[in-house]
Each structure stands twice: as structure tokens, then as C-alpha cells.
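Note that chain A is present in both complexes that follow, paired respectively with chain B and with chain C.
Let's look at the complex of A and B:
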């Protein structure tokens, strides 16, 4: 595999992980615009453990992911009191504050950035990404996924049916934070350098685009969205400086034509029904 | 020294205020978090810069910038807002962000990614009161933004169109039943919001004398913060929020340093959202937004 291809695939992996980190809260109706903050927590926590404490990568990544999850739970409980756009903006502010805190934390290099000594090979990243995908897909076959959908569709009815809406929401938010922290922790060890400026608004917003573009109705939407957003600009490389403009143009046209996202449940139904010749 | 900082903060506040009002028009009336507004802000500055570089006189360059923003807003309405009616409430976000990326990259292709210096239109004229320095450009921009907001508030509360807009904000269905022509009102709202955002961009360019394809991002997101701090959907809330965020930003820079700006500005936003989600002078939401 050429270096270029490996590089693109590693980027793709981080985008897929980020997309699933956004997907889980969104399946419960929460728009998380602060995912970069949780990636930063995972990245810095894991890097600190391997650098200063001499831990090996896997336990450090696990602790990084867990700390992101715990912070997501602790901050999520007050933040989840808000709904809709307010929740989106609260997570947005949260992401910005977390990144700014790391920018000023001199223990981990502050504004100068933080070199990470241990290295995670691309093969490790590929495996970890497959693991995250498997985890979310398994989760989507459990009752938990049903709870998420019901909370998203109508939280009042879910409450009446005996689902604890608050704890389902908090759980979805925290699992999303854990996945983001996991991705961040691996990111630091894959590129051997992290800086707070990397975890900016756009890093939070793009995964949301992946998910909405791919479609939120099925578990495959985020995967397809992340693949499109990572690979399409690479394929457009021929028209070097115009590629992002063309790419953005595609997004606009595409969303106007298919507002529900690329992969929808009706698409699956159409495939399933076809052998019978029946209508959808 | 402190008063000087406050004067500088007020200038920044005026810009945030206009952007926040642009956002609040879209969200308060149409329930649409229009992420193309930072792009329109940038268009205000960049197109004016391009026009001046071509040797156009400034009224033409400025008019061109505002016109371009208005046209783009119509395209946003047509391709990002209208097809999304009846789908997931988050989806218009994607296409409006698509417009932001598109605009930024079109400008990037044309002008490059570097910061360009915007020509000084009013030769370095400053008013001095004791130790206090106030630029003429600063003063004019502040006056202009305050005038715009006062006019808009008058327009919304006194004119027939204003009444229609307020009806739509209250209930879309009722407005339709009452004979409000949504087909023309919504595009006009988009244009109004775009004009506010691009004039903010123009004022930014004139005052800070620099433009870049990415100038909209930082200011745009602070504008969203200002809108929410003050209270979403309320014009005077956006004004108050803009003032607070601008002052907090400048005072943070002058006391602890530029790296702390995001902690204080967005920390304030987070605190408000947790303690008083409807914003400082906003009404509690009667229905789910977004």
C-alpha cells in the first residue's frame, strides 16, 4: 500500500470514528456540536499517560476514552436540561471551552502543542475503527437502539411507556463522548503530535455533516457519509484549487435532492422487497 | 487604559450585534440556524475588497458587496431552506454549511488564503478625549450599527411587513391562514438577514483593515453566542448579547491574554445555557426550536 493511500485511509478511519461519536447522541435526538472537545480530552489524557507515566498505548487509550466518557456524563447532565438548538449550542460552547482549556494547560505544552512519543501503526487504527463500527452495529441490534429511536421520535410518549428519558439521553451522550475520546486518543498516537488548535469548530461540525449527509435513519449512514467526505475531495484532486468548491456545491445539490440523507430505511426496504416484486 | 479597552470592546460589540441580529431573524422567525451567515459576513468584506482592488469607487464596491450577499441569500433560501421543509429539523444545517464552505473556497480560489489588507478609506483620523483615542471609522460604524438595529426594531413593530414577520414567528400555519404570502416574505427575510451580516463584514473590513476568506468563522460563531446569551429571537437580546460578548472578549485579552478568549466568551454562553436557557431577556420557548 502506498504511503498516500495509507494516509488517506487513516484519515478516513478517524472520520468514521468521529461520525459514530456524533451518530449515537443524534439517534437520541441530540445534535452534538462539541465533539472536538471530547476528542481533545481523550487525546490529551492518553498522551499524558504514555508520555509522563510510561503506560503502553492500549490502557492509555482506554483511560482516555473513559475520562472523556466520564466528563461527558458529568457535564452532560446539566447540559442535557436544554433541548433542540439550545442543546446544540451548549455542546458547541462546551467544545470550545474544552479546547481553550487545553490551549492554556502548560503541563501538556499549552499553545506550543504536545509531542506524543508512542506510535500507533496504521494497522492498529484500522482494527480499532473496525472495532468501533462493530460496537455501534451490535448496539443497534439491542433494545437500547429502540429506546434511542423512541426518545428521538417522541420523548413524552417514551416517558409514558416507562423509559427513563433522562438516563437514555445521558447514556447516548456519554457513549458518544467515549467514542470521540477513543478516536482522539488514537489520533494523538497515530500522528505523534497534538495541539489544541486542531480541535476547533470545524472538527466538531464536519462529523455532523458526515452523519446528516449519510442519513441518520440507519447505522450505515455515518459510514457512507464519512467515506464520501473523505474520499470525494481526494478524487477531485485533479482540479486542485477548485475541489472544495465543487465538493461544497455537490453537498448543496445533494441535500436539496435527498434531504433525508443518502442511506434511508426506505432504501433498504426497497432492496428487500424487490425479489417479491412487491411495492415498498 | 480600561476605558480605552471598553471603547475597543464596543466596536467589536457593534459587529457581533449585527451578526447576532442576522442570526436571530433567521432562527426566531423561520426556526433555521443559518450557518451561511458567516459566509455572507465574509462576502461583505471580500467582495468590497475585490471591487476596490479593481479600482471601483467605494460606494460601488460596497453596494456590489451588499448586492452579492443578497443574491447569495436568495440562493440559500432556494436550495438550502425550501427543499428541507418537512424533513429532519437538522438537515438545513448541512446545506447552509455547504454554502459556507462553497463561499470560502470560491474566495480562496480568487484571492488566496492569506489575509489581505483592506485599504484605509478614512485617512487616520482620530478623536482624542484626554488619553482616549476613538477612530472616526469606529464611531461611524458604531452609529451605523445602532441605527440599523433601531430601524429594524421599529420596522418589525410598526409596519405591515413587520407584523407579518411576527405572525410567522408565532405560528407558521396561522400566518398562512391569515393570508401572509410566505413565498415572498421568506426570501425577503433571507435578504434582510444577509444585508445585516454583510454590512457587519464591511464594517469589520473598514475598521480592522484586513480581510480573508475565513474571516467569517470566528466572528460568526461569536455572533451565535451573542444571540443566545441575549435571548434567541429577540432583537434587543441580540444587542445585549453582542455587547456582553464583545466586552468580555476585549477585557479578557487585556487582563489575562488572548488564549483565554474562548474560555471566557464560550464559558459565558455555557453558563447562560445551563442557568437561563432562554437567554438574558428572552421568553422561555413555547415550542421546540430547531
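Let's look at the complex of A and C:
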């Protein structure tokens, strides 16, 4: 495999992980615009453990992910009292504050960045991404995933059915933060360098676009969205500077034709065959 | 013995008295109709019983348990479930998925939450939901998206979802509204089957023929107050009820 192709696939992997980190809270109706902050927590925590404490990569990645999860849970419970645009603004500010903290944290290099000694090869990133996809797909077969949709569709009815709406939302937020932290931890060890400036606004916004484009109704939406946003610009490279215009045109057309996202439950239903007459 | 006991219930919204000192009981295993003109406060009573709105004054006992200050999501655990006047199913979920949401109170442990039931053929949750649908003749719609269903079917699915919580008291808000005669008859059969199982029904309904065919007990509200109570024949004789529905001679 060429270095270029490997590079593109590794980027795709990180985009897929980021998309699933955004997808889970979004499936419950929460727009998390602070995903870069949680990636930063995972990246810096894991890098610190491998650099300073001599840990091997996987335990460090696990702790980085768990750190993001715990901070996501602790911060998420009060933040999730807000809704709609206020929640988006709160999570946006949260991501910026976390990045600013690392920018001024000298123990991990501050503004100069933080070199990471241990290396995660592309094969490791591919396997880890497959693991994240498997995890989210497995989660999508549970009541938890069903309740995410239920809470998003009608929180009042969900509550009257006995579902703890805030617990489901907080859990989705925290699991999303854990996935972001996992991705951030692997990112640091894949590129062997992290700096707070990388965990910027665009890193939070793009995964939201992946999910909105792919659709939140099924677990495959974020995957398709991340693939489109990562691969389409590469496939359009031959068209030189026009590729950005063509790419933007595709996005506008797709969003106009399918505002609910490319992959929806009705699309699945249309292709689903039920030879057993609808039996479970 | 009453399944639902409402005592001196009051609720106001921004100074407007929606429910005023309301008391009535729903006898266990029977069907009680809550009737009255539009704006009488019938749906508000359901919203107070299920905790959508907090109560200003009074008490609500469900199966002997005081639910007046209980969190709304815990009330279904006392055996009270409801359907909605404007159907509130999850539109882009399938009928089966909507019913699985309705089962939550019977599958609310952490292990239940994380069981990959979709991967398990014939899982008991899916089987139970399909059986409930089958009993109402709706099994063919199990995998249809709710948004694609006719109004009458959605209305009946809403009822099936309410029953899947295993509730002993069902609050049904205008279950027959918008149904054609065939669908109304099917609904009547569904409700009679529930009564036969010992489920207590409290029904808000404007169709008096439907009320007459189902309900043994009728409570009439007007401007948030109870103006009559008894059998349908008894309340129909009440001057207060006739005035509420038809207006007084002075108004005429």
C-alpha cells in the first residue's frame, strides 16, 4: 500500500471515530460541538502515560478514553440541562476551554506541542477503528440505542414510559466522549506529536457534518458521511482547484434532496427482504 | 376498591383555573368515562395523574399509592399508563420498536438495556410485542414505519403500546376520535378484552354511543369542576350536564 493511500485511510479512520463520537449524543438529540476537547483529553492523557510513566500504548489509550468519559459524564450532567442552541453553545465553549487548558499546560509542552514517543502503526489504527464500529453497531442492537431515538423523538412520552431521559442523554454524551478520547489517544500515537491548536473548532464541526450528511437514523450514517467527506476531496484531486467547488456542489445537492441524511431507516426498509413473512 | 382515587385536585395555568377541587374515583376493573365540553379539563386530569404537570393541590392515589408528588417517569411503575389524544408514537420507528419502548418498565435493568436483542431471533421482548399486536389483528404492521400507517391503525398501535407496560390502569385520551365505524368496533373489542383481563379504564371521549358501550361509570367535567357523576343514563338526566353541553335558557 502506498504511503499516500495509507495516509488517507488513517485520516479516514480518525474521521470515522470522531463521527461516531458525535453520533451517539446526536442520536439522542444533543448537538455536541465540543468533541475536539474530548479528543484532546484522551490524546494528552495517553501521551503523558506513555511518555512519562512508561506505559504501553493500549493501557494508556484505555485510560485516555476513560478520562474523557469521566470528564464527559461530570461535565455532561450539568451541561445537558440546556437544550438546542444553548447546548450547542455550551459544548462549543467546553471544547475551547479544554483546548485552552492544554495550550497553557507546560507539563505537556504547552503551546510548543508535545512529542509522543510510542508509535501506533496504521494497522493498529485500522483495527481500533473496526473495534469502534463494531462496538457502536453492537450498541445499536440494544434497548439503549432504541431509547436514544425515543428520547430524541419525544422526551415527554419517553419519560412517561419510565425511561430516565437525562440518564440516557448523559450516558450517550459520556460514551461519545469516551470514543472521542479513544480516537484522540490513538491520534497522538499515530502522528507522534500533539498540539492544542490541532484540537480546534473545525475538528469539532467536521464530525457533526459527517453525521448530518450521513444521517442519524441508522448506525451506518456516520460511516458513510465520514467516508464521503474524507474520500471525495481525494477522488476529485484531478480537477485541481475545482475540486472544492465540485465537493461543495455535491454537498448542497445531497442536503437538498435528502435533508434527513443519506442513510435512513426508510432506505433500509426499502431494501430489506422479509422472506419469512415478517416473523422475528 | 378503586384503582384511581382523585381527591380535591386543583390546577391553574397563569391564573386560569383548569381544574378546581376535583374529586372522583375510578372503580377497579371497570371503565370510567371522563366527559365534558371542550376545555373542560379532561386531558389536564390525565396530565396531572401522569405527572406531565405538577399538582397545585389535592392528592392522587394509583392502586393505593400516593403519586401526587412522584416523578413522572416513576408513575408508570405504580401501574398507570396512558395513550394520547394526538397520537404520540415515534414516527420513523417501526411499530415493533414503538412497542418495545412501551415495554420499558418491564425491562429496565442495566442488563436489559445492553442486551443485543435484535441479534437474538425470537427474543421474548419481540415475541411479546408481536403477540400483543396479533391479538388486536395488527401483526401485519409490525415492521412498518409508523409514519406510513393509516390514522386508525396508529391510534390502535398507541393503545397496544400503552398496554405493553403491563399497566392495571389505562388512561385513554379520545381513543375513538377520527376512527371509522369498523375501526371503532375493533377498538371497542380491544377495550372489552382489556376489561375482561381486569384492567381499569379511564376514557376521555366525546362519542356517547362509544361511552355507553364500554363505560359503567361516567364523570362529567365543566370548567375544571365535576358537575355530575353516575351511569351515562343518570348523568344525561342532569340539568347541569344539559346546560354545559347545550347552554342555559338564559344564554339561548
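As a working rule, the second predicted complex is superposed on the first by the 272 of 280 C-alpha atoms of A that agree within 3 Å, B and C clash if a C-alpha of one lies under 4 Å from a C-alpha of the other, contacts with A are read in each partner's own complex, and residues count from 1 in each chain.
As a working rule, a residue touches a chain if its C-beta (ideal position, glycine included) is under 8 Å from a C-beta of that chain, and two chains touch if they have at least 3 such contacts.
These numbers come from a predicted model, not from an experiment.
Contact comparison for chain A: of chain B and chain C, B touches the greater number of residues. Of the two partner chains, neither chain B nor chain C is touched by A:60. Contacts of A:266 after superposition: chain C is touched, whereas chain B is not reached. Applying the stated contact rule after C-alpha superposition, one finds that A:216 touches chain B and leaves chain C untouched. Of the two partner chains, chain B is the only one that A:88 touches; chain C does not reach it. By the touch criterion defined above, A:160 lies against chain C but remains apart from chain B after alignment on the C-alpha atoms of chain A. Legend: residue contacts after superposition of the two complexes on their common chain; A:120 is shown touching neither chain B nor chain C. In the superposition on chain A, contact of A:10 is made with neither chain B nor chain C. Residues 138-144, 146-147, 149-150, 153-154, 156-165, 217, 264-266, 269, 274, 278-280 of chain A are the ones that touch chain C when the two sit in their complex.
Listing the residues of chain A that touch chain B in their complex gives 26, 31, 78-79, 81-86, 88-90, 92-94, 96-97, 99-101, 103-104, 110-111, 201-202, 205, 208-209, 212-213, 216, 241-242, 244-245, 247-249, 251-253, 255-257, 259-261.
Contacts from chain B toward chain A in the complex involve residues 27, 33, 79-80, 83-84, 87-91, 93-95, 97-99, 101-102, 105-106, 108-109, 217, 221, 224-225, 228, 232, 259-263, 266-267, 269-270, 273-274, 277, 285, 288-290. Those residues of chain C lying in contact with chain A across their complex are 50-52, 72-77, 81-82, 84, 88, 90-94, 96-97, 100-102, 104-105, 107-108, 112-119, 121-123, 126-127, 130, 139-140, 142-143, 145, 165.
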